[in-house]
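Labels run A, B, C and D following the written order; every chain starts at residue 1.
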Amino acid sequence: MTETFEPVIIGFTCNWCSYRAADMAGTARMKYPPNIRLIRLMCSGRLDPTFVLKAFASGADAVLITGCHPGDCHYVEQNYKALRRFQLLKRVLTQMGIEPQRLKLVWASAAEGAKLAEAITEHTEEIRALGPLNWPTGPNGFEQNKPEEMVVQEVTA
Amino acid sequence: MTAELSFSKEINNLMYASHGKPIKDCLQCGVCSGTCPAVEFMDHSPRELIGMIGADLKGDVLASNTFWSCASCFHCTVRCPAGIDIADMMYALKRYSIWKGQYQEGLIGPDFSEGFVKMIVNSGRSFEPILAVTYLPKFSARDLIQEAITATGLVLKGQMPLLPKKIKRLKNFQQMVRRIIPIGGTS
Amino acid sequence: MKPYAYFPGCSLESLAKSYHLSAIEVAQELGVELKEIEDWNCCGATAYFPVDELLAYTLVARNLAIAEKEGFLDFVAPCSGCYKNAYFTNAYLQKDQDLAEHINYALEADNLHFEGTMRVRHLIEVFIDDVGLDEIEKKVSHPLKGLRVAPYYGCQLVRPRKDDEDVENPQFFEGLLSAIGAEPVEYASKTRCCGGSLIITNRKAALDMVHKLLKDAAYSHTDVIATTCPMCNVNLEVYQNQVNQEFGTNFSIPVMYFTQIMGMALGIQPGRLGIGKELVYGATLRNM
Amino acid sequence: MSERIGVYVCHCGTNIAGVVNVAEVSQWAGEKLAESGVVVSRDYKFMCSSLGQELIQKDIKEMGLTRVVVAACSPHLHEATFRNACKGAGLNPYLCELVSIREQDSWVHTDKVAATEKAKAIISGGVARVTYHEPLEPLHVPIHPDTLVVGGGIAGIQAALEIADAGFHVYLVEREPSIGGHMAQFDKTFPTLDCSACILTPKMVQVGNHPNITLLTWSEVTKVDGYVGNFEVTIKKRARFINEDLCTGCGICQEKCPKKVIDDVFEAGLDTRKVVYTPFPQAVPNYPVLDAPNCTFFLKGTCKACEKFCPTGAIDFNQKDEDITVQVGNIILATGFDLFDARRIPQYGYGRLANVYTSLEFERLCNASGPTGGNIVLRDGKTAPKSVGIVHCVGSRDQNYNPYCSAICCMQSLKFAHLVHERTGAEVYNFYIDIRTPSKGYEEFYQRLLEEGTHFVRGKVAEVTDAARQSGEDGKLIIQVEDTLIGKQRRIPVDMVILSAGLEARHDAKEVGKLFGIACSADSWYIERHPKLDPVATMTEGIFIAGCAQGPKDIPASVVQGAAASARVMGKIQQKEVSLEPVRATVDQDRCSGCRICNNLCPFSAILFHEDTMVSEVNPALCQGCGTCVAACPAGAISGTGFSDEQILAQIEGLLLLNVKHLELVPG
């Protein structure tokens, strides 16, 4: 099934830059794979690490975090906080036995529809190659059927 | 993934560790040419050469003496407003033309470089007199005499030793070199 | 001060003996301990990258790895070419893990491993930054009063740009010269290229570059040109006669390594600085 | 599920329906999402049309919908439309969610099946999310009618005058002793070549005399509290050592002051000024400033010549800095630019080679009221240049310095070329990469220069040197350049070189930005709310930007922005109150542990900590709703209205609903 494997990717966008970039990509009729499903936040700083873990827990194969370029945040500097959380998350995912490259961070300003489209295409291809997210099981992994627990564990950790 | 890589792409890829911007960012402003101390001796100015690469004029580029006239002084690199590492691009072109064995007739540069490499591979050190053998044949008679005069001058002044040095762990060293060459792909 | 890993480079064993001698002497005088690393190899110079980039990196990495193995912190090269190659190879390998992997695979053949712990320095940096101009000034016994010295930086000492250094109009060399009582010459082409290996591969071009350099130096009344690199020294000194023939000029500007000039100021006996081996010998110096 | 949700799928003509099987989607939503509370699902050609809206309103009324999900275009287009529609039908507008199946689906995908599936997922996400929406009311804040304008350059002057003329009060704060900004230093203005002072000084005088303008020069803003409509601003009025009530501006003190210092600001270092001085004759206000750090009395304790000769006893050596606090409703930042420091490009020789000038120096040099009375001469003060080289793009369009185009340099350089040509008859060479003249009358001016015989050399100058290599170069400045159009290396000897230095953001732009709570781009220019549709507003409500503070621009553009910003401000004042999107963070006092983690996260210092109750609270008017604190609160005590955890988590599940089912079907 890896041939026909189509990953599902959850994308978090910032209302002021990347969401508008997505709009722009649309208006310009740029093409990218339909695997991504976007969620609008007011700012990448709003991204609660729980959201990402939740996405994985509920069956997403990958997550794409997008925000304003460093220095361009509409809320002055909140995207830096997103950056820190992103790095933390990558570590957490590794500990959980999930390939960290399933989580990706991309800066895209409101004018960079093309860049966003590109990033989405790229990420989709990477994940296609990587295959579906299989919950690790066994002593140091987690049971496939109760991902919620893991979410709680990791967040408070 | 495309079967045929364009010439300009090939050169871009060759600038392996160059931390500069891609060649296509060139503004054609000419600051590189204006800066280059050897530009009068190039058949195409660095700016022109970059333009020619962009236009995929492979033949003309390889036939040019421009990159063999580059002294690697990096003055263009530090001044380029587009942040292109032009000196490194010249290296890339030298490598490319050596690999393809395509370069202007009568140039000393290629033989010199290869001679230099062979020598180091053999001894681990570079040594002028031996090196000379690789390039002197291409010198004009006049230059040869000049070279002789200078050389004897140096020897008399005790600046030129008469015996080459070799490094001690030459075996390992050559082993080491052999491990790289397949990756680099030199002849 | 901790001892420094000293990498003479090939030229200092042949063409640039006097640089080697004077460097050691001056370092000793200033209490800088230079320990030559064991069984080093050629750095690849500028002629190597044209053939195989990876191989060029490997050559340099081997020397760095040796120095690391011997437990040094600073890797010091007196030759600007060696310095530039070492500095950037070190930087690239530190940044690029894959590259480092390739290289380390090769280094295994000599039981070496590149870690990237070295700090690559040029000899002149060590004197200026670690010893310090004040210290040097204190040690000067024969200040070179009235000697107009043209500081010649050349290329590889300052270029390509590291961090935010001034690659067009640096000042540290001038500072050093003033510290030893000499008079630094302001001239147009102190960071202009001397032609480097073009002296072999493109003689015409190189001679033209040397000519322009000498012309600028002469134009600003230079007694002696101070160099930080064997290649520059050879081009400017040894080929001065050819320039004169080529362009009908009659330059006779002495060219010396900055260490030789420092040595004189520190009162080291000229013979021990390799002085007297120059092909061009200026009147001013003879009378010193 | 108690909510009654209506789903409305828009065809948008063929924009959506061309790729997404709209009918299938809406039917699927009606059936498969019934368990999530969907009671009706319809598709329609144009949902945004009045008929489409009535369709929704009818269902709300007749079927008692409590939530509405519209699947159409981007919320940035029609969110307001559909929210109002719901409002019209008596449903709280914030209970309506618009999800984009056009920009994010039909327009970017070609595979119809996949696109249709994605549309379903997007809608199911919207449905899941909307369930957790809560009725909200926009926040209303009263607007104080006064305005603060920071910066007395042409942009600030324009803004201040527009507002003042409309009958509202303005505080105009300027750092220098006089208003006028850079424009006051110029001689002529392109492309019309009318005299800068002649068109600027009348405006300056108007500002000085305007009953609605409080002019505070030699002053700086030190503190900004409050929020849109209700800012409290502290202004530091630096001691002038002049009693402004007594001073008549007669200028005797200036005349009698025995000490001269280099004037680095107004004369760009080309001339001197007294220690007691007005920067230029037409200065507004016209009373002088005493530059204490250079004053002999302050340094040595003697002199006081100014005091002796002042006819009105206006000199006051005991004057101290004072802090003034003002209340304003809106703020316009017109803080202008700094000139790129040409010393940063040593190879151009500025500061090393005497006859290399910066653009600003040249402006003074050819200014009738400048140090040479408008005579274009070399540094020796007498020799007129026979040839002049003008270098474009100095510090601009260059990765080593500033990557952006400074916008004004081309026209400025052409102006210089014209003035040199006109006044000295010298040969003029322009060295350019590209000539950019994209504005009314600009290209015509370029034409005129070509006709005047100015030489144009296309090539970025490599270096300027005094080292002569060929005959005819002795004693000249040689410009080394490749003439890229003929592919030749040229060394052009000239007597004078003018560096058309680029514009940079003020050195302290970042700090000032922080002070007012607005963001800077990587180049430190202030970021506008929208580059096209909202160019003078910022992300902080009530704070506007105008002129070069927002980016390099010429005088006409600065004036336009000054006027535009004032129009936006007057609009706000007229509204008497602003209504703010209720996207805000709120702290659940009972759950807050008082850890204060959130306190430092907020860039708008909207979170205050109650020492007494040991809990944090968010000031709804200061909060901009970014939600960073919400995400950071370890106790989960902060919730973000409109973007609550419940809503986002639900949307994630909704989006993946299809997928989860799919996983169940496919084994492994």
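The rule we apply is simple: a residue touches a chain if its C-beta (ideal position, glycine included) is under 8 Å from a C-beta of that chain, and two chains touch if they have at least 3 such contacts.
These numbers were taken from a predicted model, which means no experiment stands behind them.
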Taking all protein C-alpha atoms shown, work out their mean, then name the chain whose own C-alpha mean is nearest to it. D
Chain pair with the higher count of C-beta pairs in contact (B-D, B-C): B-C
Can you check how far apart chain B and chain C are, centre to centre, with Cα atoms defining each centre and the answer in Å? 21
Could you state the distance in Å from the CA-based centre of chain B to that of chain D? 49
Any idea how many Å lie between the Cα centroids of chain A and chain B? 45
Please compute the C-alpha centroid of chain A, do the same for chain D, then give the distance between them in whole Å. 31
Multi-chain contacts only, two chains or more: what residues does chain D have there? 347
Spell out, as numbers or ranges, the residues of chain A touching 2 or more other chains. none
Contacts with two or more other chains, residues of chain B listed in rising order: 40, 78
Using the definition of touching given at the top, classify the network of chains in this structure as line, ring, star, complete or other. other
Which pairs of chains touch, using the document's own definition: A-D, B-C, B-D, C-D
Hey, which residues of chain C end up touching chain B in the complex? 10, 13-18, 39-42, 44-55, 57-59, 62, 92, 95-96, 99, 102-103, 105-111, 155-156, 159-161, 167-168, 191-193, 195-198, 200-206, 208-209, 212, 238-239, 241-242, 277-279
Using the touch definition from the top, list the residues of chain B that touch chain D in their complex. 21, 27-31, 33-35, 39-40, 45, 47-48, 78-83
Can you list the residues on chain B that touch chain C in the complex? 16-17, 19, 37-38, 40-41, 68-69, 71-75, 77-78, 85, 87, 91, 94-95, 98, 107-110, 112-114, 116-117, 120, 124-128, 135, 139, 143, 146, 150, 153-154, 157-161, 165, 167-169, 172-173, 175-181, 183-186
Within the complex, chain D is touched by chain C residues 166, 168-169, 187-189, 212, 215-216, 219
Touching residues (chain side chain D, partner chain B) in the complex: 347, 393, 397-400, 433, 458-463, 480-484, 487, 489
